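What follows is a set of structures to go through.
After this come two complexes, each holding chain A, first together with chain B and then together with chain C.
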Partner chain A sequence: MKEEEKLSSVQVFFLALNFFLASAFILMPSAVAATAGRDGWAAILIAAGAGILLSKLYAALCIRFSGRTIILFAQDIAGEIPGKIMGLLFAWFALHLGALVLRNFGDFMVISLMPCTPLIVFNSVIMLIAAMAVYRGLEVLCRFNLMLMPVILVSMAVIIIFCFTIPNFDAAKLLPLFENGFSRVLKTSLIPMTFPFGEGVLFLMIFPNMSNSGDAKKIMAGAIIASAMIIASITAETVAVFGSNAKNFVYSTHSMIRCIELAEIFERTDTLTIVIWILSGLIKISVCLYAFVKGCTQLFALKDYRPIVIPSGIIMTALSILVYENVIEQTEFASKIWPFYSLVFELLLPLMLITLDSVKKVF
Partner chain B sequence: MKKNLILLCIILAVLLNSSGCWNQRELNTIAIAAGIGIDVEKSGTHKKIKLTAQIVRPARLSASSGEQKGGSSSQVLVLDSTGDTVFDAVRNFTMLSSRKLFFPHNQVIVIGEEAARDGVRPLLDFFVRDHENRGRVWLLVCRGKAGDILRAKAGQEEIPALGIAQLEEAGAAASRTRPMRLHEFVNNLLSKTTSPAVSNIELVKQEDKKAVKLSGSAFFKDGKLAGFLDETESRGLLWVEGKVKSGIIAVSSPDSGEKLSLEIIRATSKVIPHLKDGSVSVDVVIKEEGNLGDEMCGYDITSPVKLSIIEKRQSEVIKKEVEAAIKKARECKADIFGFGEAVQKKYPVEWKSMERDWQEIFPEIEIKVAIQAKIRRVGMTVKPLEPE
Partner chain C sequence: MRGSDIKKNHDKLPQNRLKTGVAYMESLEGKLLDENIEKNIKCLKTIFEKCSDIIFREFVFAQNEQIKLALIYTDGLADKGQVSDQIMRALALEVPMAVPGRVITKAQALEFIKERGLCIHQIKETNKVGEVVNAILSGDTVLLVDGHDTAIINGARGWEARAITDPEAEPTVRGPRESFVESLRVNTSLLRRKIKNPNLKIESFQVGRLSTTDVAIAYLEGVANPAIIKEVKTRIERIKIDAILETGYIEELIEDEPWSPFPTVNHTEKPDRVAAMLLEGRIAIFVDGTPFVLTVPSLMVEFLHASEDYYERFIFTSAVRIVRYLAAFASLVLPSLYIAIVSYHHELLPTALLLSVAAQREKVPYPAFFEVFLMELVFEVLREAGIRLPRPIGQAISIVGALVLGDSAVRAGFVAEATIIVVAFTGISSFTFHYSASISFRLLRFFLMILSGTLGIFGLTIGISAICIHLCGLRSFGVPYLSPVVPTAYSDLKDVVIRAPWWAMVANPRSIPGHNKKRESFGMKPMPPENGE
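Right after this comes the complex of A and B.
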């Protein structure tokens, strides 16, 4: 096996930040508005709190088994066969998540830009690039991400600032707060907790490569706080612009950005959404692909992960086409099934491992 | 090195040829829609949607600067199409237009009276759902057929739809109609209690040709056209909404009864709902600043006392306009001001029991209008043009 690649804390921080922002920036405002109405931003902030707790759990695992990924230490803790089953489940989660993100990516391009282009064109093109990034290694992926980060963050800042200039922007539309009770908001916060914050569980595959893995807790908490602020502010803005109509848009962020017109010069800024979407979606898909590929490599004790990058990419692309029949199914899955389904991998699996380990230590 | 160079050439060749969209459309294959009119055609129980599209002729536009200028040829082509649904009608255009309609540059949507009375919610869904349409398009209602509006001349523009769009923007200088963009309208349309208003446009004669003119506003209740506001009532609505940008207030002078005009420079408004013993009241506070614009009455405004008399009269005129709008809204039981939402924001708990009956509650609520109108400047001259 090639010698381990070492990542700096800054690199992992930005990788995590981009990972959390990627699809949530576009999808989250509509997702939380569906149940929490105009209080969606609060649900995101609550979810960020929960996400920080989750990432504490991941970081604790990482420190306890420094240098080993979840696939390996699961076998240490639970024994070979149960550990392998857990590892397999984890690898499946990475694959499935990657496919879902890829599908979201393609759907967005088809729905909002090019309705006649087949989905597979977008999905395979982006997968090709993601596979290339993964093939080159984690370090390259991180450096690539650092290069994209300024573009993404500046675009997001431009969007967030310019949305204030939309003629019917009115912060009063956010009132009254918590009209349908705070419990509604709490329930809704399960959605942003499992997507995107809980998805940070994939970083259990990346932490071992950090040169200073003691930073993991700080890094994840920082990335979650920063991304939650950005996502919550864009969510609040969609409500301030569209009011009760915000929940009716498939991509309310995109629809809002289309309304920006500043001095008749700065308009049609929706291309910025596409820029963000392609660049940060690409990184998220790459991370998922890396987690899956690395997981399989360790699970089956392969020498190198490179040979299976391309086949895994093809599987992921195929899965992304197959997962949903239509966009309604997707919304249904994302809001009703995903929060509970993903909790198995995001909370149950790591929690089980750490409890088992603690129990073993006592006896 | 040589290998890399070849590789670079191949990459460039592929990239340059594969950029762009799968189903890209060039300018010469699309028909740019500048304005869309929506009407309904009824025969018995059968209802069809009739769309009128004003399509830009780019070739004519460029030629107009050269030798071909003049003549009767128009810069736009106006076509009608019918269908069972809006989208069906849009697609049916392809049977009479050689090019496919292209919506991103659409400026206005005009809805005919009959179609608007049947309800606009089903008509507008296409314009919100389809990705080619933009929320910034202006929405108007006309008395009669929308198709006739799109066939008439509008303003000084070569493309009438563009003229209508600019009328909407220029209309802010008079503040006598309620300009409304599609996305704002849709937002209001989803409110259970607010009755949104949009500009009303009508046909007039200008140099023996049909032309259009903005005239007051039209308001919707439950997604259906419920009535029209005249120009005074429209301004009353704008006062309450704080949307008056500019305009002229004609005030009669205390001695002669002749008029002098005050130009509105800025205006703001505050709507403060109160709930006392289960009954709702609303305070509307309007602050306005104006300048003396012209004097046709010979009234000497130079002393502070005399100025304050005019200020008082100015407040009365504003108050009358607001009260006219309130009267109309009460008559039609239509909450055009969005008072319901203001109550909801302040009293979310109590609102729940009111929401359903708001239509009945609204006409009964007490509305207190307080105006603070100021005159700041008097222009470049001081006294009227009269010998002392």
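Right after this comes the complex of A and C.
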């Protein structure tokens, strides 16, 4: 009975929306500002277009093999051994992504909240809660997410609106558009395309649980558009506030929120925004953990995924401590290596599967 | 007496007394009455050996003095007036007046007594000893007739009961003032008076191997979901326990999630609330001997609603409900938020307030966590004392509590003024909603305080997330505990944080799976007369 958890389209939409917003809301402005300068917002919008194409690919796979996850249909298409290898790669991607998000999280907490607390404290506590959510099942995770969504969306809206009141805010700083050429923006858009939009590939593990999996395309496209609007506007705002300095902040969203001063009550509220980020990051980590755990369960034909939730959580936490030495390395990795590395899983793997399948159908 | 002596003496007891009470009652099963009244009386007297409250009254039938009769009843449970006037007086004196001259033989006696002798509205016959014993213990009066192996059970119960009074645990300003009492039949009659419909079914069970407590479930047929009714019955029938003294026993034995701090079974002492619950498709569980009635399945939001919400006008109610939700939230997180801000995130306070709090805290020797924890503990002690203390010394406690502990603690420099304000407000807030939910909120408050004392606002957020995840997974009789919020039933949201006016609540709540989809007709909104008269 536990296996037949059915999710409504609304639940999956908000899960995807939160998944895309989670770390991007706080990391993206600086990430795109590094190469695209003040045109970062445009890069994000372009990436959203590419993301929609990617999600069309995922949805096509999902509809073609309705009711089966990528782990299972990879074996159908490519044969058992190559299919299992692909499944293993996919599970690794989920694990790695989860570890990276967890690490981003922990770093953010240490840097902006409690500099003297060791990283492992934050990482393990967050993982504990994520494991708890995954253990309770996908349906509970979706409900939990639905509960958080109003809080997260309202807070983000408030942040975006209140940022206009920052004394330094000057929309003219966004001009001139495309000063360094459009190709630079195009190149930069690879970053937001692979993170966060391409990461939606993990939803291939969730689509089979939808009661109406035909909606997958609409849902993903909607979530990408909505999240892209939010991320692009916050990116534009960081430029409007900090100008060309925006790229010098590690967490420019957070630094910008610190500048808000309103009516002597709403000042120095950056700590409160950490709450939002904890909540939405929690969901993203849970989705990664779920994808990994579910993937392993199907890969090794286990009966139930629950027994391996805690061990997987421990592995993910350990990996999150090991992946980087420091934040600088993380920033380097995120902008130089991640876009190409992740494309293997986000584009190559699904594309290969769908091509193979089409070819098989022809012959 | 040493232990071995006790055991030795115990061994000497007659075999049937050695068995536990349960087995003893079971041993009566299948045992039948004899035709000889002497034997029957002897048998019952052995059973009720050393029960000083069981009365055996032997007399003869007025028509034919050869026929011996015996009345057996429990002193205090049977209505003495009825027993002496309607049974004894009738049989021992008045029967000859009704049928002068006619002689009744032993063989005719039972029929005749049933038809003409007894002036009791409810009688029953049995030939089983077990049933006779049960009847006597439940307050019925048993009549044995010589020469017949059948006993007549007279429903002449009447015992001292508490009068129906104002609800003490759930007081209201507007709405019915009656509350349930300890007697099951009075309670079901209060409910029947609210819903005069044959579809209101009240099914009885007996639970408790020693106590044989009467338990009844009430539901509206055609409204409540049959699957849930069946589930409730199965869960009650599987209870094998010596005694049920309060609905709390049943609550703990039928819960979905016994380890959860949240109550998944609601209870109330107000008949109008039970009626409202049944009308929405829920099922009520009555237990004899307690004024508290359980209702299942229950949702989280129920605990934040009061029955008065539906009687007061909707605009006011909605406003009050928002306040209540805020208070509930405050009662859960306010102390932990205070700890987190004061010890880790001072910058969140506006400058003027920050300076004031800092000045207060300067003279306090303890960390904020310890200080708040201590004061919360003091508050819990005061609250507990307030319930347990004998009424006349209540005054003394409130003076000690309010003045000595509150005021002097600040003057002595043990705690900051801000802490007292926070703790007091939290304490008051926790009384704005249902008591059993507020217990779980209070418990979780300490858990959150520990988290925010160690990890600041991060710990607080994590703690709240853990609670939310737990709540999302909870179910009460198969119904998700957090519905209609998540999973979202949009049409039910008009009765969660706000309450829509009655004319707009056409549909019954969909989160409780029932069959009655509509509770009123459309177009109930009051309109001005059309032709403007």
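Basically, the second predicted complex is superposed on the first by the 360 of 363 C-alpha atoms of A that agree within 3 Å, B and C clash if a C-alpha of one lies under 4 Å from a C-alpha of the other, contacts with A are read in each partner's own complex, and residues count from 1 in each chain.
Heads up, the rule we're going with is that a residue touches a chain if its C-beta (ideal position, glycine included) is under 8 Å from a C-beta of that chain, and two chains touch if they have at least 3 such contacts.
Given the structure is predicted, the values throughout are model-derived calculations rather than measurements.
When the two structures are aligned on the shared chain, A:Asn248 is found in touch with chain B, with no touch to chain C. In the superposition on chain A, A:Ala301 makes contact with neither chain B nor chain C. In the superposition on chain A, no contact is made by A:Ile161 with either chain B or chain C.
Look at A:Ile81: by the touch rule set out above, it reaches neither chain B nor chain C. In the superposed pair of complexes, A:Thr269 makes contact with chain C only, with no contact to chain B. Of the two partner chains placed by superposition, only chain C is touched by A:Ser8; chain B is not. Looking at the shared chain after the overlay, A:Ile328 reaches neither chain B nor chain C.
After overlaying the two complexes on the shared chain, residue contacts for A:Phe144 are found with chain C alone; chain B is out of touch.
In the superposition on chain A, contact of A:Ile129 is made with chain C only, not with chain B.
Annotation for chain A, partner touching more residues between chain B and chain C: C. Shared contact residues on chain A (touching chain B in one structure, chain C in the other): 113-114, 117, 121. Across the interface of their complex, chain B is touched by residues 111-118, 121, 167-168, 172, 175-176, 179, 241-245, 248, 255, 258-259, 261 of chain A.
Every residue of chain B that touches chain A in the complex is listed here, in rising order: 21-23, 131, 134-136, 181, 183-184, 186-187, 190-191, 344-346, 348. Per the touch definition, chain A reaches chain C in the complex via residues 8, 10-11, 109, 113-114, 117, 121-122, 125-126, 129, 132-133, 136-137, 140, 143-144, 146-148, 264-265, 267-269, 271-272, 274-275, 278-279, 282. Partner chain A is touched in their complex by these residues of chain C: 344-345, 347-348, 350-352, 455-459, 461-462, 465-466, 468-470, 472-473, 480, 482, 485-488.
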